[in-house]
Each structure stands twice: as structure tokens, then as C-alpha cells.
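Chains here go by letter, A, B, C, D, E, F, G and H, matching the order in which they are written, and residues are numbered from 1 within each.
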Amino acid sequence: MSDAVPYRRLEKNDAAVLLVDHQTGLCNLVRDFSDDDFKNCVLALADSAKYFKLPTILTTSFENGPNGPLVPEIKELFPDAPYIARPGNINAWDNEDFVKAVKATGKKQLIIAGVVTEVCVAFPALSARAEGYEVFVVTDASGTFNKTTRDAAWLRMQAAGVQLMTWFGMACELHRDWRNDIEGLGQLFSNHLPAYRNLMNSYGARR
Amino acid sequence: MSDAVPYRRLEKNDAAVLLVDHQTGLCNLVRDFSDDDFKNCVLALADSAKYFKLPTILTTSFENGPNGPLVPEIKELFPDAPYIARPGNINAWDNEDFVKAVKATGKKQLIIAGVVTEVCVAFPALSARAEGYEVFVVTDASGTFNKTTRDAAWLRMQAAGVQLMTWFGMACELHRDWRNDIEGLGQLFSNHLPAYRNLMNSYGARR
Amino acid sequence: MSDAVPYRRLEKNDAAVLLVDHQTGLCNLVRDFSDDDFKNCVLALADSAKYFKLPTILTTSFENGPNGPLVPEIKELFPDAPYIARPGNINAWDNEDFVKAVKATGKKQLIIAGVVTEVCVAFPALSARAEGYEVFVVTDASGTFNKTTRDAAWLRMQAAGVQLMTWFGMACELHRDWRNDIEGLGQLFSNHLPAYRNLMNSYGARR
Amino acid sequence: MSDAVPYRRLEKNDAAVLLVDHQTGLCNLVRDFSDDDFKNCVLALADSAKYFKLPTILTTSFENGPNGPLVPEIKELFPDAPYIARPGNINAWDNEDFVKAVKATGKKQLIIAGVVTEVCVAFPALSARAEGYEVFVVTDASGTFNKTTRDAAWLRMQAAGVQLMTWFGMACELHRDWRNDIEGLGQLFSNHLPAYRNLMNSYGARR
Amino acid sequence: MSDAVPYRRLEKNDAAVLLVDHQTGLCNLVRDFSDDDFKNCVLALADSAKYFKLPTILTTSFENGPNGPLVPEIKELFPDAPYIARPGNINAWDNEDFVKAVKATGKKQLIIAGVVTEVCVAFPALSARAEGYEVFVVTDASGTFNKTTRDAAWLRMQAAGVQLMTWFGMACELHRDWRNDIEGLGQLFSNHLPAYRNLMNSYGARR
Amino acid sequence: MSDAVPYRRLEKNDAAVLLVDHQTGLCNLVRDFSDDDFKNCVLALADSAKYFKLPTILTTSFENGPNGPLVPEIKELFPDAPYIARPGNINAWDNEDFVKAVKATGKKQLIIAGVVTEVCVAFPALSARAEGYEVFVVTDASGTFNKTTRDAAWLRMQAAGVQLMTWFGMACELHRDWRNDIEGLGQLFSNHLPAYRNLMNSYGARR
Amino acid sequence: MSDAVPYRRLEKNDAAVLLVDHQTGLCNLVRDFSDDDFKNCVLALADSAKYFKLPTILTTSFENGPNGPLVPEIKELFPDAPYIARPGNINAWDNEDFVKAVKATGKKQLIIAGVVTEVCVAFPALSARAEGYEVFVVTDASGTFNKTTRDAAWLRMQAAGVQLMTWFGMACELHRDWRNDIEGLGQLFSNHLPAYRNLMNSYGARR
Amino acid sequence: MSDAVPYRRLEKNDAAVLLVDHQTGLCNLVRDFSDDDFKNCVLALADSAKYFKLPTILTTSFENGPNGPLVPEIKELFPDAPYIARPGNINAWDNEDFVKAVKATGKKQLIIAGVVTEVCVAFPALSARAEGYEVFVVTDASGTFNKTTRDAAWLRMQAAGVQLMTWFGMACELHRDWRNDIEGLGQLFSNHLPAYRNLMNSYGARR
């Protein structure tokens, strides 16, 4: 039995993160998540990238125009990350500097998130997939105009062999074993999963 | 023409805040908001109470049992607030110390939020209303098991003359005029309204 | 300031429970709750009535026809309760035996639930209200064809002074104080609130 | 205790039915019900009016224009009913012939349904209410552009003392007692409540 | 029988329109309508105000800040309307110039819409109501952060005697009779009700 | 480029219809459609099968038990169809008589619908697919306990090469060309698509 | 690793647009989008086709019957486009003139949208795919009776190798680089994405 | 025609059940089911495993921490089952003891459920699939943070050849034929399908 898309597992040493167009103007176009949920998931992905020390590449589109600047929290988390302000390419993969930066990481697994899902995320995801990369889209750190648009984008990507993830799934798949760092992972979850934080606080109160 | 419930306007000098049973265990029962939304709204209400220097009263039910401790962030925000750990009364208004603390504020407007809506919020809201207080329930900082339960609780409270608010409406009604403190209110909104924060960051980038 | 519907508080000694037409056929018409949720809430209400020793009256409509027999669990819980198999009255309040049974309880507060909401519940609720009873409808132990129907029924009842409750709110309002019986109430909640049961089990494991 | 809107009970001998603008064009504007549900409820209301021999008044707006002709099934059910093709009045109550027809029925209870809810239904409902009629709106035989519009219309009508019903609630309230005609009412329900029909067929198979 | 809020009917000669804070930044905070729906309804309300020649008052809050300028289409529709750029008052009714402008219209019926519903709309609506105005809120031309917030704001306003409308209901109530101007009203509907436009085009093709 | 599931087109002469367990008891378990929608779609599929003279096979499971008899309308439509009352096989394909009846049709395309989707439909669909049949499931004439269950069943079937259809898509794909019988197809649609019926009635009124 | 459906990227010079049955009658059957959303997306697709100068083919089914005429705005946008009024073929691909027109464009990528999704869109999409075309369905410019129908149609098309797009994704994939024409693309987006228009107006006000 | 994922049918003698991390703390994170539905489905799966005497393996993660103990009902049902308290591996398949226990069953079909879906379920499901097992995920006995997360997890698993089931589908596929044990299966369904229980009770009352 041969599966359409055999399992490819995220591996800390093989993965890079691409954050595409999380800009203040564009983020205000997102309607398939509540604002609080989306903000939390984007920052959770960013914090996870940082935590796992994954090479991370930032790119934006027309920061000086209506799209607005990169969300400040992201900028601050990755002061030294390659930062490609694309002069006009809609698909980041059409930008030579961006692809060069991706290749420079030497990684074969690409974790992608951005705004909006069907364009800024799907285009480079599909392009990278077509070049043989293993591609993982972080669905809850990627937003768009409405759920219909999102559903169509997901099915297009699924059909092309992209693996649909969430930031939490990604973090767990990368971490592999709590024993690698219980405190660190716990802190990451406590910061971005309110219900898990409640569990921890309930537990802590009783210890 | 006489209205069922004539408008009563929140007035900074007339209002006190009652935070009822925002405990880590109970908060994990809330299903009528996403976890991120609820956490944000509860903290936004708490930050607003602090910002407007409203007398604030904390109360909990069985902190040492399954209900869990008060959410730590709230505890930290109000280190000196009256804190009534009720020994068993379900309706906080049945607790003499609680009512005494309320009366000690000398305020006639009570802003109430808590978990769960139809009990910990509705009971003291209805009791206070019956004693002539003007009662404002902060609906998005109050959570419960599901939307059906919430809807029923809202209608019961509406019928009894309780005014249904949100933390944002409450903050705006209290502040009255941006000129009273543009920076402060802006910071409050930036911290708890992701989309408004985006507007401010977009604006700031262009100034 | 006079409210449309001043707060009337449930009082253990003043209240009777009317369970109207929870029959196996009729229950399969309910679409405004998931089957599991509805079954759980109906039994939770019944268990609560039992727990608080409230006089309880059962009534059914055409048990030998398509409406089906009373749900067996209810029958078993109240073997000695007045049981009025109405020969045809749609509004239970039109049945003399039923009203007689209600009056025989000597209570002025009536807690009503049944199937379907806009008929079997709303009709006696409105009739009782019109006769001066304080009426409390347990919304989540009352089901009907769809949410539109339910919403309309709720608004009609709210306008007529009926108080909309849930089984949990009812139980809490009746119990008043955990200290009256911590074990008993805890058991009731553990049996009918899966998330609360989880809290208790988590807590118990850590004690 | 005085309620905002005391219970007024539908009484077969006191009630007339007003069907407003159920026209083929207008019906295709309805989006707050599935097409099947809406068609079924409108015909169920019409069949009920017929069954209970309630005086019924039909009215339309611009049948020869885009609004389209009255739904044929309704026309056929009431060949002799007063039929007021309004020359332009949007609120049917502004049409003298219509009001004259209503008054000619001599009834004080008006059951109203139509398309669209916030206009063709709400306007005459509010006007009739203002003139002292007891007004019952059949919510599921009244449709409009979307749920937001419907919700606003319902709350406006509720506040003005209109009672919100469904066709099933109306039929049950009018019938009072199954024994008045078991076969007839059963047939009505079997025709318009698929799940109840299933109950009856299951039952019939086992008798 | 006395209703909580007796019917007050919109009357062309008695009504003024208040458009509050429909600014480009604030409009991007709206999440309780799809963007297309909200844009359409706001412009439909504006076009209706124009069409019925209702005195219209514009007001904004901090146009030079993150809130952004008034939506340009509105500005263009009412070049000569009183335009109050509030220096800081959150409740427009706290601004003397605004209230003066309202009073200058000499109207006793106020039609209000704006962004966000629970603040920019509800505050002046409640204030005007408290001063005896008949207040009509256009719900679908008023938007806010989410449906929970909207629902709470609607119930608060309903309780205080505000009548909840939609732009379509408002236009119909004002127009009274198609014969006053068939072409004009038809054009208004064709521009803002796609399904009605389809009906008209289908009809036109067959004439 | 090779597709996972190449297009197989329904062909009137190659297709048979299998109606599985549309029984009165089982139909009352369906919660992923409104009752009116489901009834309409099931009958629409049955009428279509009749209209296109497709060999149709009926099968039921325990008609004399709680599952109830076959829906009478279906029984009446196909008095001479093979009717396999399965003595116990859950997957109809496990029943030799059923498979024999299928094979006797000589068709290679199987159109399947039934109750419940993930069992009575999915099992024979997957079995038939595994034996090389082209399988088309009529999704809206197949119902189950809830949407989660349905979604899972759809994805399982999609992955196995089953084509997901609706009764309307099926009828259109079989008919090919309106000119084959305008009246007949029009009647079918008028009977089962209320909005299309409205279009036809609007059109007819203007001819 | 070989994907089920390798990425095929839209290329301005390789693509043609097929608009199938966007007729006034049929559009009023659409229920899986709000009317405003659907109108906007259809016109956005049409404007995009125009903007990118893609060969566009129009086709309709029975314009003189209940289906109604082609939406006038589309007719006006493409006065010289091939226009195939199909005499009866339901699947446009069964119409020789239509296929001839498609082939005459010389393009291998087909962008398809229409009403209703599972028939007028899916049939030619699947047929074209089976003949080796790269097929892209614009999901938000294609509408149908309800979401269940849409979901089934999407999965059927996905399985057959059709790529699911939206008009915005399509426009972005075709445009490739903002620098090709910033003004033009910006205008297209401003006209059809209200929230993006707000961003641009906010930005413009601050420049 | 070769399908992406040919049908693999559950076979009683070939299948083992893996219950992963159904712990009291983790279960309170579940938001994609109502609490009652989820509790019922998890226990239904457990009861089914028991009923079919399938080898069942239990595993937990950090029972002594915030995740909480295994749900007691499960523990009691399988007192002798292999019980692997993982010392830290997030993917149970990374735990040697767990895999050893799986292999010791000698089964090639694995039925998996757990909390949370995208991690505790998806990881071992994908790992087992990659090693050639036939994998069946019981979707309604597996829960997670929200529906978006669930949808993404389902699509990832579907693409990798995992078969998505429900507990009811699983039980039916395993049982094959009611005649194998009518009483037993009926009892299982009666305990976990309230609507089916109602059918049985209605039936029983009429026998």
C-alpha cells in the first residue's frame, strides 16, 4: 500500500522557519481566527522557532505602504534573522534573495506561516514543494479573509503534498521528548496555551 | 414613554468592581469563548479596573479544592484588594464579609464578572440589583459551560434590570474623554485589542 | 428604578418540579442539543430534584402512541411521584389533575422542563405565570425541533416574566452554601459535569 | 409582580391569520432558513389556518413586478379569502382595504407571517399592536435576508408586546386538546414534521 | 395591556441620521459582519439618508490618528452635512457641538449607526433616549469586534427603549408607499440588495 | 500528470441505485441535516432514480425492530424493486442476495445513499469500490449522527476513490441535456428545489 | 516522494477564463455565500480577467427561461467575448461550440467559475481535467444551494486533480510582481477588498 | 483505476486498540466536542474494545503532573492491559515499551484515539502507518483545542493513508453481523447512543 503523501517527520536539525508578511496592515485583514487567537498563535510559532533555535527567515511586502510594518514583536524576537523586504514579488519564492537565504540554511524541511494563507503562505509552500522540500504549513499562524478561502487553500496545499500543522503540533514534533527540557517546553506552553497554564497553576497550588 | 430599564451610565467615582471566582480550575470549564479570548478579556477588565483606580473586590470559592487558586495575574494586580475566600456560599452576596466589603466602597454602581456566568455572576448581580444597586455585568470577562447557558443567563439578568456590557464598553464609558489621558487609554487598548494595536503600529510607522 | 421582572430567588422549601413529556419518542424530535448533552441535562435535573427532595410531578401525553413511554430513568427516579398521563390536553395546565397535583405541593415556585420547549414547557409555564406563580424554566433540560424555535419560545417566556435557568444554575441557587452538604453536591456535579469531574479527579490524584 | 407582557393565549374563536407577501420572488430573498424548512413552515401555517378554519387574509405587493405572484399553493388553499393586492403600501396596515378586512373578521387576536420579517411582518404587527390587538408572529413562516436582520426584528417586536410563536406552537395552542380531533391534528403533524411522521410510521408498523 | 416599549414609527419629517465614527481604521476592527456585507449596509444607509433627504450629521474621533479618516464615500455623499470632529469625547452626546447640531435639526427621531456598536453607537443612543428622543439603531450599519459584544450591546439598548432596525427596514418604514417614487426606491434597492437586483433583472428580461 | 481519482462520469445506462436502510427509526437518528432538508433530498434521489429508470435496489436492516420500517414513500415508489431485508449483515455488501441483485443489474456504476453515512453507506461503498465498481455516494440523501461523523466518513470514502455527489448533481450528470426532456426534468426540480420552483413560478407568471 | 497533484502555477499567457451560467435566476439559488460576498467575488473575478486580458468565454443555459439572463455587469465587461448560449447541454463541455471556443484560445490552463458549483462548474472542470487541461476553480465566484453541497463538490474536484483557488489567489498568482503595475493591481484590490481599501485609505490619509 | 488509499477493513482478529493520554487534565483542554459528547465517545470506544475483546494498550504522559491521571473509568475497564506511563516521549511510538507492547499483540490493524488529536493521536498514527500498519483513528474519541486544529490534523493523517473512523463505525465494522450477538451489540448502542436507546425503548413499550 503506497500512501499519497508518506509521513515526513519534523526534525530539529533539518528544519527552517519562514515567516511571510506578518505585517500590521495585513494582519488586520485576517477573519478566519479571532484576533486574540491569531495573535497568540503567531507569537507562539515565533517563540517556538526561537526556543528550538531554528534558522528563521523574515520577509515582508511593501512595509512602507498600506501593508504596514512587520509586527514589532516578531522583529524583536529575531534581530539577526535574514530579513528580505521584497521589492514586489508576491510569491516570496520568486525573490532570489529569499530563496538564497532559504538555501543558506541548508535545511530540507521548511515550516511556513504568514498572511494571507492562500497567497503569501500557499505560493512559497507550493513552490518549495515543487523543488523537493518537505513543507509544513503552520495553519493557525496563517490567516486570511474568511474560512471559505482558507479551506480552499488547505485543500490545494494538501493535494500538493504539503503537511498541515499547528504551532503546538510543530513544537511537540520538534521536541520529541519532554526530558530534553521540561522547564523550557512547559514555559512555552504556559505562555501560549491558557488552559494548559491553568492546569499547571492548579497543579502547582497543590504540590 | 417610560423605558423598562432607563439608562444608567457608569461613572468613575460611583463604581466598584467585583471579580468572582476567576480560579484556574473553574476557568477551564469555560466553553463559550476561545481560551485566548477569555484570558484576554479577563485581564483587560482587571487592567481597566486598575487603570481607573476602581475599588476592586476579589472573592473565591474553595481555592484549595478542585476549583483551583485565583488566576495568579489577577492576584498580582490587586495585592491590597479585599479578598474574600468564601467558606461555602455559592452566591457571593450571601457572604457577609463580601457584602460588607462592597458597602465599604460606598459605591452605588457595581461592575461584576466571573466564572461561571449563570451562577457566580448572575446570583450576586441579581441580589445587588434587588437591593437597588445599578449593576453592570462584563459579559466577555464572564464565562460558562456553553452558549445556551450563557444566553439563558443573559436574558434572566436583562429582565431583572442588569446592564450587559463588555470590558471595552465599560472602559470607554468610564473614561469619557480621550483627553483625560490619551497615552494611558491607548496603552490599555494596545495591550488587549490586537487589531487596534495593529492600527496604532501601522499609524506609528507612517508618522 | 423598577425592573420589568424583579429577581425571584429559588428557595428549596418553596419549589416544586414539573417534568413534562420527557418521552422516548418526543425526545428523538429534539435538535437544539446534541443527544448526549440533552440526555445528561435531563437526568441532571431529575437527579437534582431528587437530591433536593423537591416535590416532583410527572406528566405525559399519549404514552401508548408514537410519543412513546416516559424515559425509563426518570420513571425509576420518582416511583412515588404524582404521575398524570394526560388523556389529551396539550397544555398540562389544562388538566385538572395536574393543576391539583401542583397545588397540592403548596409551593409557589415552579421549576419546569420538558419536550418540546415552545409547547409542553411554554404553555404550562405561561399559564402558571398568569396565575401568579414564580416560574423557572430549565432551558437545557427542555428541547425542541431547532434553535430558531427555541429562541422564539425563550423570548416569549422572558417577556411574560418567566425566569430562564439551567439545571446547574438551579442546583446552585437551591443549595445556597456548599457547607450544607459538600459530598452530596460534589457527587451530583461529578456525575453530570464531565469537566468538573476531571477537575475533581485531577485534584484527588494530587492530594 | 407585573410582567412586561402578560400571557395572552391563542383562542380558536378569537383569531385571524394574516399572510403577507409570500410571493415567489420575495421568497427567494429568504436566507435565514433553508429553502426546504421555509417552504414547509409556510405551508404548515397555511394548512393549520385551514384546519382550524381561521379567517385568513392574503395580501401581496406588486404581484406583476419582480416580487412575483403569491406562492401558488397558498392561493389554492384559500380561494375565497380576502385578497388585497396592495397598490403600493409597504405596511399592509396602511392599506384601508386590508384593515377593513381584518376588522371584518371581528377577531382580536392576529396571527401574522410573511416575507420579509422586519418589514412585511413587523410593520403590520407593530401597527396592530399599537391599536390594541393581541399579536402573534409565526417566526418560522416569516423569512428575511439573514439572521442578523431577523434577530433585530424579533427584539423590536418583543419589546412592543408582540408574542413570538412558531407554526407548531400556534397549532398546539389553538387545538388545546388532542381529543378534539386526533386524526386531523395527527395528519397535520405527519405532513409537516418529518421526524414526527417517522415516529408515527414506526408506531404504526408495530401496532 | 401596556407594552414595555410602545411602537414608534419612523416618519420622514421627524427623523435625522447620525453617522458615528465610520472611519477607515475603526471599520477594520469590525468582525460581526463580512467586510462586503458591512460596507454595503453602511453605504446603503448613507444612500437612504440622502434619498430621503434626512438631515444627517457626521462625527469622527481622532481622524488624524490610528482611527483613520472618515470612509471617503460617506464624506462625498454629504459634503454640506454638519461634521463634528470630536476632540476627545468618546460618547458623541458628550460633545456640545454634536448635540447642538442634533437639536438644530429639530427632529425628535434619531437614526443612529456607527463603529463600534457598544460604544460609538450605544452611548449616544442611550443618552438621546434618556433625553426623550425616539431612537432607532441601524444594526447592520453598525459593527463591532465580535458577535458576543454585539449581542450584549443590543440587549442593553433594547432594555432602554431603543428600537433595533436594519437599513432596509428603515428605508421601508420611511418610504411608506412605493407610489411615492417607484423608480427611486427601486434603484436604491437594486444598488444594495443583490438578490433583489437579480429579481429585477430577471423581471426586466421578460417584460 | 496523473490524478489520484480520475473523473468517472455517471452514465444513465451504466448506473444502478442502492438505497440502504432509509428506515423510519434510523432516519430519526440523523442530525447532520434539518429534517425537512433530509426528507426532501432522500425523496428527490428516489424520484430521480425513478425518473431515469435506473435499476434500484432496496435493503433494510431489522425492519421489525427499533430501526423501523422502510420509509413508506420509498416503498411505494419501487414496488417491484429487489428488496433485501438483511437478516443481520451490517455491511449490505456482506449479504449475498444483495450483491447478487447488484450484479444482476449488470451495471458498473453504483449510486449509493442511506442511513447512517459512516456505516450503511460507507461500508458497501468501500466494498464495491474495492471490487472495481465506480462508486458515487449521494451525500445529501445520506445522514448520520452529527457533522463530525459525516466529515470523517466523507474523507475516508474520498481517500478510497469514492466520488461524492448530491442528488441534484447526480440528476444533472445523468440527464446530460435538457432537450432530452425539458418538462420531466423541470418537474423533478420544481418538486424538490423550492427556490427553483419559485424561479419557474415567477417566470410562468410573466410569460 | 511523488505528490498526488503536483503544483501547476497559473501563468498569464497560458490561461483562459470560463464563466459558466452566472445568470440572475440561478444566482438567487446561491446560499453558501452572503449575497454581497458572492456578488463582489464574481465581479472581482470578472474584473481580474479583464485586467489580465485573459481570453474569457461566457456561456449560459436557457437565458429566456427561469434561469434568467446573464448578470448584466458581466455582459458589459466582455462585449466581444465568445458567448455560447447552450441550447440544452448541462455540462458546458458537452457543447461543441464551447469546447471549440476554449480550444481556440490555445491555452492549457483553464480558470472556471459559475453557478451552481457541483454542476455548472464541476462538470466542465472534471471534463477538461480528463482531457489534460490544468484546471483552476475559483471557489468564491462559484456558488450553490448550501455548504454541504459545496463541500462534496470540492472534494470530488480535488480528488480529480482540480486546483481550488479564490479570485484573490488567482489574481496574485497571475500578477507575480507588484512592480508589473502597482496602480492597476491596487485599484483592483481597492474595488473588491473593503478591508484592503480601508488600509489604503488610512495610509493615504497619512502620507 | 488505482485509489490513493485502498479500503482496508477492520477485522476483529487483526486489530488492537491504543488509548493515548486520555488523562483528566488533558481532557479539559478539549474544545472540539461538547464535554458530554466527548466523554460518551471515549467511554463508548473503551466499552467497544472491551466488548470485542481487542487487545488494548494504555499509555499516559506525566500522570503525576498537570496532565493528570488517566480517566478512572478507563483504568477500571482495562485492569490488566499493558500500561505504559511514558517518562517523556511525546510520540508514544518513540517509546520502546509501547512499540514492544503493540508488536506483542501480533496485530496489523491499529485503532488509535487520544488527547490531543494532532499530537498524541497523529504522531503514533503516522509513525505506525510509516511502518506498514493499517491505521484507524477514532475521530470522536480524540479531542483537541479547537476545530481548526482538528481539521488540519485530519487532513495530514488522511494524506498519509490513515483511515478516519468513529467509535460507532468501528464497532459496526468489527461486528459484521448483528446475529453474532444481538443482545450485546444492542446494549453497547443503548448505553452510548441516546437516540438509539430511545428507539429501543419506544419499540420495547409496544412489543
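Observations on the model:
To be clear about the criterion, a residue touches a chain if its C-beta (ideal position, glycine included) is under 8 Å from a C-beta of that chain, and two chains touch if they have at least 3 such contacts.
Because the structure is predicted, anything quoted here is derived from the model rather than measured.
Between B-E and A-B, more contacting C-beta pairs join the chains of B-E. The interface formed by D-G recurs in C-F: of the pairs listed in D-H, F-H or C-F, only this one shares over half of its residue-numbered contact pairs with it.
One inter-chain figure worth recording: subunit D and subunit F are separated by 35 Å, centre to centre, where each centre is the mean of the chain's CA atoms.
In this assembly, the C-alpha centroid of subunit C lies 30 Å from the C-alpha centroid of subunit D.
Multi-chain contact residues of subunit H (touching two or more other chains) are listed as 4-6, 25, 28-29, 34-35, 37, 68, 145-146, 155, 158, 161, 193, 195, 199, 202-203.
Put simply, subunit G touches subunit E in their complex at residues 24-25, 27-28, 34-40, 63-64, 68-69, 71-72, 193-195, 197-199, 201-202, 205. Every residue of subunit B that touches subunit E in the complex is listed here, in rising order: 1, 3-7, 9, 32-33, 37, 139-140, 154-155, 158, 161, 163-166, 168-169, 172-173, 175-180, 182, 193, 195-196, 199-200, 202-203.
The touching residues of subunit A, when paired with subunit G in their complex, are 4-6, 8, 25, 28-29, 61-62, 65-68, 87-91, 94, 116, 118-119, 122-123, 126-127, 129-130, 132, 134, 145-146, 148-149, 151-153, 155-156, 158-161. Subunit E makes touch with subunit A in their complex at residues 28-29, 31, 34-35, 145-146.
On the side of subunit C, the complex with subunit A involves touching residues 199, 202-203, 206-207.
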